[in-house]
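The same subunit A turns up in both complexes below, where it pairs with subunit B and then with subunit C.
Here is the complex of A and B:
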C-alpha cells in the first residue's frame, strides 16, 4: 500500500508538470489552431535562465521572475515574427514554423548554456514523510502552482468575456472579426499565456528533474500527448490528461517494467486517437460540432 | 465532426514532426580543415569522437577540454618529432549511429592516423567494427570490457567494468554483504553488469537479488527505488553516469532507503557531487586516483603525473578535472607515445600499443598484452566515499 501511494504521488507530481505544458498547447490551439512545438523549449529555457540568474547572485524569487518574464518575451516575439505574418495559417504550416523555432531555440540554448544538465535549487529543500510516503516539499509546490495556474487559465478562457472572445476566434474567425475581435491580438495573448505557463513548468520542475538544452523535447512530447488526451481544446481535459499520463507512467515503471515507462505516453496517444479522437474526456468536443 | 477530425490530423502531424526533431543531426568539428593526408608528410591527424551533447555530456565535455589542453601543450612543444599535429573532434551526440557516422568520416574522409573515443560504451561499440575493418588504431575512453574483448585494433583507457566489479565484490565480502540490489543504466554501460556481479561474486556467495534499469536520460527514479526497497538486499548498487546516477542517488535517500549504497566508477566528476548534493554522503565507489589526488600517499607512482595534470587543467579551465578527463589524458598520451616511437604506420602503432608496459597515466599504470587491451587491474581503483560533498579516500582499501 505504501508503495502504491508512493508511486501515485510521484506520478501526480510528474503529471502536474505535464499538465502545465499541456495547458500551454491548449491555450494556443484553442485560439488559433496553431500547435506550438516550441512549448517544451519554453520550459527548458525558463529553467536555464533561472539557473544562470541564480548563479549570478540574484535571489531565487527574482531569478524565477526573470526567467518567466524572459520566456514571456520570447513567446511574444516568436508570435510576432513567425505566426502573425502568415496570412493563411493552417495547423500544418504552424507545425513547420514552430518546429523551426524549437530547433533554433535548442541550438541557442546549447550555445549559451552548454551541454550539461543542471538543477535549480528547490523553493523549500527537504522532504517530509507521511505514512511511509516520502514527499519532497518541491512536489507540493509543483502541485500547488499547477492547481492555481490551471484554475486561473480555465477561469480566464471559460468565464471571462476576453477569454471567450479568444476562443471565438478559433470557432468562427469571420464572425469573431465581424463583432470586433482582433485575431492578431487574440493570438498574441494566447502565446503570452502559453509562454508564462510553460516557463512556470520549467522553473518548478528544474529542481527535481533537472534542465538541459534538450530537456524541452521530452517535456513537449509528454505535454502534447496530455493535451491530446484532453482533446486539445479543453483546459480541464489537458490537466486531467497530464495527471493520467504521469500516474500511468509511474505505475507502469513500478509494476510492469521501467523500460516501458516512456512507451506509455505514445501507446496511450495511439489508442486515444483511434478510439476517441475527441480526447478521453471528449464529450465536450463532440458536442461543440 | 470538423473539430474532431482536424484534431486527429493535427495530432498525428505533430507527433511525426516531433519525432523528426528528435532525430535531427548536428556535428561539431573542432578543426575541420579538410584535405587528404599522406601518411609520411603533412600534419599527423588524431581524431576524437566524444559524447559532447546528450546524456553523456558530463563525460564528453571534460574529455574535449582535456584533449584541447594537451594538443595545445604538444603544439607548444613542437609537435611529434617536428611534425605538426592536427586534432579533429567530433560530437556523436551520445548516440550509436552518431558515433558510427563520425568514425566513418574520420577514417574515410579525413584519413586520421588514430582515433580516440567514444566517451561511453554504446557509441564505442558502434565504432569498433569500423576500426577493425579499416585497420585504424582506436583507443576508447569507455568502461565496458566488451569494447576490447577479442579486438585487434581497439584499445581502451577506462578501467574495465570487470576490474571495478572485482573491487566492489572485495569490499562487499569484507563487509559481510551477500545480497545485492542493482539499479543499472539501461544502455551499453550497464549491459551485462548483473551477470558479472553474479559470476565474480559466486565464490564469495554474493549474488544479485533484484535488477532495476533506468534510461541514461531518466529523471524520475521513484519506481526503481521503491522496488529496491522491497528487495531488501544487504547492499544496493547504482550503476550509471551523472546526471542520472546523481538523481538516482538523490531519490535513494529521499525515499528513505538506509541500506548501504555503492556506485560505479561512472561518477567520478563534480557534476555527480552537484546533482546528488548532500544525499551522496556515505556512498562507496571505486574511482580513479584523480579525485583523491591530495590524499594519496607520497610514494604513490601516479601522484606526480596526476598533480601536474590537475594543476595545468585547473589553470586553463578554472575547474577541477574529472576522472573522465583522466581517461582522455591517458588515451592521448598513449597515442602520442606510439606516434613518437613508431611514426604513422597503423600496423606499427597497433603493435606498439599492445606492448605498452608500466605506462604511468591518470587512471592507472597501464600494461597491455595481446589478451588485455585495457591494461589496468583492480589496483588502478581506490575505494572512495563522499563526506560533506567531497571525495574521501577510504583508509581501508579492502583489496581482497
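Here is the complex of A and C:
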C-alpha cells in the first residue's frame, strides 16, 4: 500500500511537469494549428540557464526569473522569425519549421553548456515522510506551481478579453479577424504563454530529473502525448492528460519494468488516438467537409 | 473548438510536378548520373568517404521523400526503420553467417513488417500525430536496442564484414561507392516510376482533395499504408548498406538526430522530387562533415553532435524561403531559360463541344437493367447538435432515370447528398447502393459500388492537368499496384489504354483544347465540366451531380443537359441537386423536393410543378389557386 502511494505521488509530481509542457502545446496549437516541436527545448533551456545563472552567483529566485524571461524572449523571437513570415502554414511545414528550431536550440545548448546533465538546486531541499511515504519538498513545489499556473492560464482564457480573443481565433479565424482581432498578435501571445509554462516546467523539474541539452526531446514528446490525451485543444484536458501519463509511467516503472517506462507514452498515444481521436476527456471528433 | 484537420499536407504546388517539369526532371536525372559516375574518381580521398555515407543515407531520404511527397505525411522516426534494417542484417551476418544478399532481403522484409504494424493504427490519423508517433517509435527502437543483450546493448554488434561479390571485396571507399551506385540508381528509378504511376497519381490527387479522390474510388488509407511501408523498406536498404560499411551497429543507428538528418536531406532536395533526395543527401553530408571540422575550431571544447545547429538552421531557412527545396530552385532556373511558346498558345475556351450525334453514351456491359432499383435511401437523418438538417429521407433511384433534388437554400439537399456519397456520416437511416449497404462508409466504398459525385464547391486536383484529373477517375478501372507501377513495363499497356479513354472523355465534354492545361487555370464553368468528365471516367452506374449547372453559360447548360440525357439513354442513373428549377423541370424524370430537411414532394415534373406544398415552400405563401412553379426562379446559387 505504501509502495502504491509512493508511486502515485511520484507520478503526480512527474505528471505536473508533463501538464505544464502540455499546456504549452495546447496554447499554440489551439490558435494556429502549429505543433511546436521546440516545446521541450523551452524547458531544457530554462533549466540550463537557471543552473548557469545560479553558478555565476545569482540567488535562486533571480536565476529562475532570468531563465523564464530568457525562454519567453526566445519563444517570442521564434514566433516572429519562423512562424509569422510563413503565409501558407500546413501541418507538414509547421512540423519541419519547429523541428528546425528545436534542433538548432538543442545544438546551441550543447555548444554553450556542454554535454553533461546537471540539476538545479531545490527550492526547499529535503524530504518529509508522511504515513510512510517520503516526499521531496521539491515535489510539493512542483505540484503547487503547476496548480497555480494551470489555474491562471485557465482563468486567462476563460475570463480575460485577450484570452477570449485567442479562443475566437482558434474557433473562427475569419470571423475573429472581422471583429478586429489580429491573428498575428494572437499567435505571438500563444508562443509567449508556451514559453513561460515550458520554462517553469524546466526549472521546476531540473532539481529532481536533471537537465541536459537533449532532455527536451523526451519532455516534449511526453508533453505532446499528455496534450493529445486531453484532445489537443483543451487546457483542462492537457492538465488531466499530464497527470494520467505521469501516474501510468511511474506505475509501469514500479510494477512492470523501468525499461518500459518510456514506451508507455507511445503506446498510450496510439491506443488513445485510435480508440478516441478526440482525447479521453473530449467529445468524439466529427468528420467535417 | 475544432481542429483544422483538413488542412492541406502539401508543401507547395510544385511538388510533385509531373507535367510542367518533365524536361527539367530529365535534365536533372542526367546531371545526377554524370555526377555519380564521376564522383569517386574525381573527388579527393576523404570526400569519397563522405560520399559513401551520402549514398547510404540518400536511400533512406528517398523513402522519406516519397512518403512526404506522395502521402503528405512526415515521419520523424525514419532512423528507427534504418536501425531495424541494420540490426537485422548485422545479426544474420554475424550470428548465423547468412549470405549478405540474402540477409538484406530478410532485413527489408522484417522492417516492412514492423512498418506495417506501426502504420496500420497510425495512418488513420492526421499529419502531426503520425509525426510525433514515429518520433516516439524511433526512441523506442533505440531503447529496446540498448536494453537488449542479444543486440549487444550499448556497444552493439561488431565484426560485420565488407561484402564480397565473386571474390571482389568492396572494402575501400571508392569500391563501396561503386557498389552503391547501381543500388541508388535503381532505388531512384523505382521511386520515380511510382510517382508517375497510377498509385502516385491517386496519392497526388489525395493531397489536392482527399474527399474528391475518395469519391473516385481511391482508398486513401490503404495507399498511405503502402507508401509508409515502402518508405520503411528504403530506410532498411540503407540500414543494411550502413551495417556493412561501418562494420558495427549500435543504438546510435536509431538516434533521433539521424532522423532529422534524413528529413533535412529530403526537404533540402525538394519533397516529392526523387532525385532531389539524392542531391540533398550529398549536400547535407557535406555540410555535416564541414561543420564537424569547423565548429570545434570556432568553439574550443565543443563536443558531440554540434553539427546539428547547421541542420536546424538549414531546415528553418529552407521552409521559409524555398519550401520546394533545391528542386524548386532548379525548376525556376530551367523554366526561366525555356519559358515560351507553351504558355502563349492558350486555346479558345469559349468553343463548346461539337455534338455530332445524340445517341446513347457510355453503354457498358453489365449495367443494371433500366428500372431496377439502384440506390435505396431509407429514413436517412442527420442532426447537427439540435438542428435536424435532414429528417427521415426516403428515396429510391432506378437505373436509367434522372432524379433531381431541389429545395430552397438550407433545405438539406447538400447534406443529403453528402450522406449518400459517404462524405458525411448519417445520424440514422440506411443507404443501399446496388444491394450493398454503404451508409457511414468511406466514399471509396460507395465508388466501388458504382456511384460517384461532383462537388458544389469545386474539388479540382490543383496540381494536375485536365487530362490528369480525368485519369484519376479511371483509378477503379485500372489495376496496376505499387509493384507494377514501380517496374513500369507491366503497366505500360494499361497506362496507354487509360490515356486513350481519358482523352476520349475530355473530348466528349468539349475540353479537348484544354486537355494539357492545369485544371485550375480554367474558368469556373469549365472546371465544373472537368469534374463531370472525371466522374464519368469511373463509368459509374449512378452519377451524383451537385449543382452541375452553376457557373455555366446558356449554351453550356444545354450542352450539358443533352449530355445527361444521352448518359441516361446509355443506362446510367443520375441524381442532381440543382438550383436552376427551369433546367430541372425540363430534364428530370422525377423530382424530390426538400424543405427544412423534410421531403415535401416526390413525383414527375408535372406533378411537382402543381404541388401546393412546393409552391408555398418556394414562394413562402400559402396558395391554393392554380399557380405553377414553372415561372418561379430558383434562389440564386451561392
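The definition used in the following text is that the second predicted complex is superposed on the first by the 283 of 289 C-alpha atoms of A that agree within 3 Å, B and C clash if a C-alpha of one lies under 4 Å from a C-alpha of the other, contacts with A are read in each partner's own complex, and residues count from 1 in each chain.
In this text, a residue touches a chain if its C-beta (ideal position, glycine included) is under 8 Å from a C-beta of that chain, and two chains touch if they have at least 3 such contacts.
Note that this is a predicted model, so its numbers are computed, not measured.
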{"item": "Touching partner for A:54 - first (subunit B), second (subunit C), both, neither", "value": "neither"}
{"item": "Partner chain in contact with A:232 - subunit B first, subunit C second, else both or neither", "value": "both"}
{"item": "Partner chain in contact with A:262 - subunit B first, subunit C second, else both or neither", "value": "both"}
{"item": "Which of subunit B and subunit C A:118 touches, first, second, both or neither", "value": "first"}
{"item": "Subunit B versus subunit C as contact partner of A:108, first or second or both or neither", "value": "second"}
{"item": "Subunit B versus subunit C as contact partner of A:96, first or second or both or neither", "value": "both"}
{"item": "Touched partner set for A:33, first subunit B, second subunit C, both or neither", "value": "both"}
{"item": "Which superposed partner A:167 touches (first subunit B, second subunit C, both, neither)", "value": "second"}
{"item": "Touching partner for A:136 - first (subunit B), second (subunit C), both, neither", "value": "first"}
{"item": "Residues of subunit A at both interfaces, subunit B in one complex, subunit C in the other", "value": "33, 35, 91-92, 95-96, 99, 102-103, 107, 110, 114-115, 217-218, 221, 224, 228, 232-233, 259, 262, 266, 269, 273, 277, 285, 288-289"}
{"item": "Parts of subunit A lying in touch with subunit B, wherever the complex brings them together", "value": "3, 6-7, 10, 14, 29, 33, 35, 37, 91-92, 95-96, 99, 102-103, 107, 110, 114-119, 127, 129, 134, 136, 208-210, 212-215, 217-218, 220-221, 224, 228, 231-233, 250, 253-254, 258-259, 261-262, 266, 269, 273, 277-279, 282, 285-286, 288-289"}
{"item": "Parts of subunit C lying in touch with subunit A, wherever the complex brings them together", "value": "1-11, 68, 72, 74, 76, 121-122, 124-129, 131-133, 135-137, 139-140, 143, 147, 211, 256-257, 260, 263, 267, 271, 295, 299, 301-317, 319-320, 323, 418, 423-425"}
{"item": "Residues on subunit A engaged by subunit C in the complex (per definition of touch)", "value": "30, 33, 35, 82, 85-86, 90-97, 99-108, 110-111, 114-115, 167, 170-171, 217-218, 221, 224-225, 228, 232-234, 259, 262-263, 265-266, 269-270, 273-274, 277, 285, 287-289"}
{"item": "Residues of subunit B that touch subunit A when the two form their complex", "value": "1-15, 17-18, 20-22, 24, 26, 52-54, 57-58, 60-61, 186, 212-215, 217-220, 222-224, 226-227, 230, 243, 247, 254-256, 271, 274-275"}
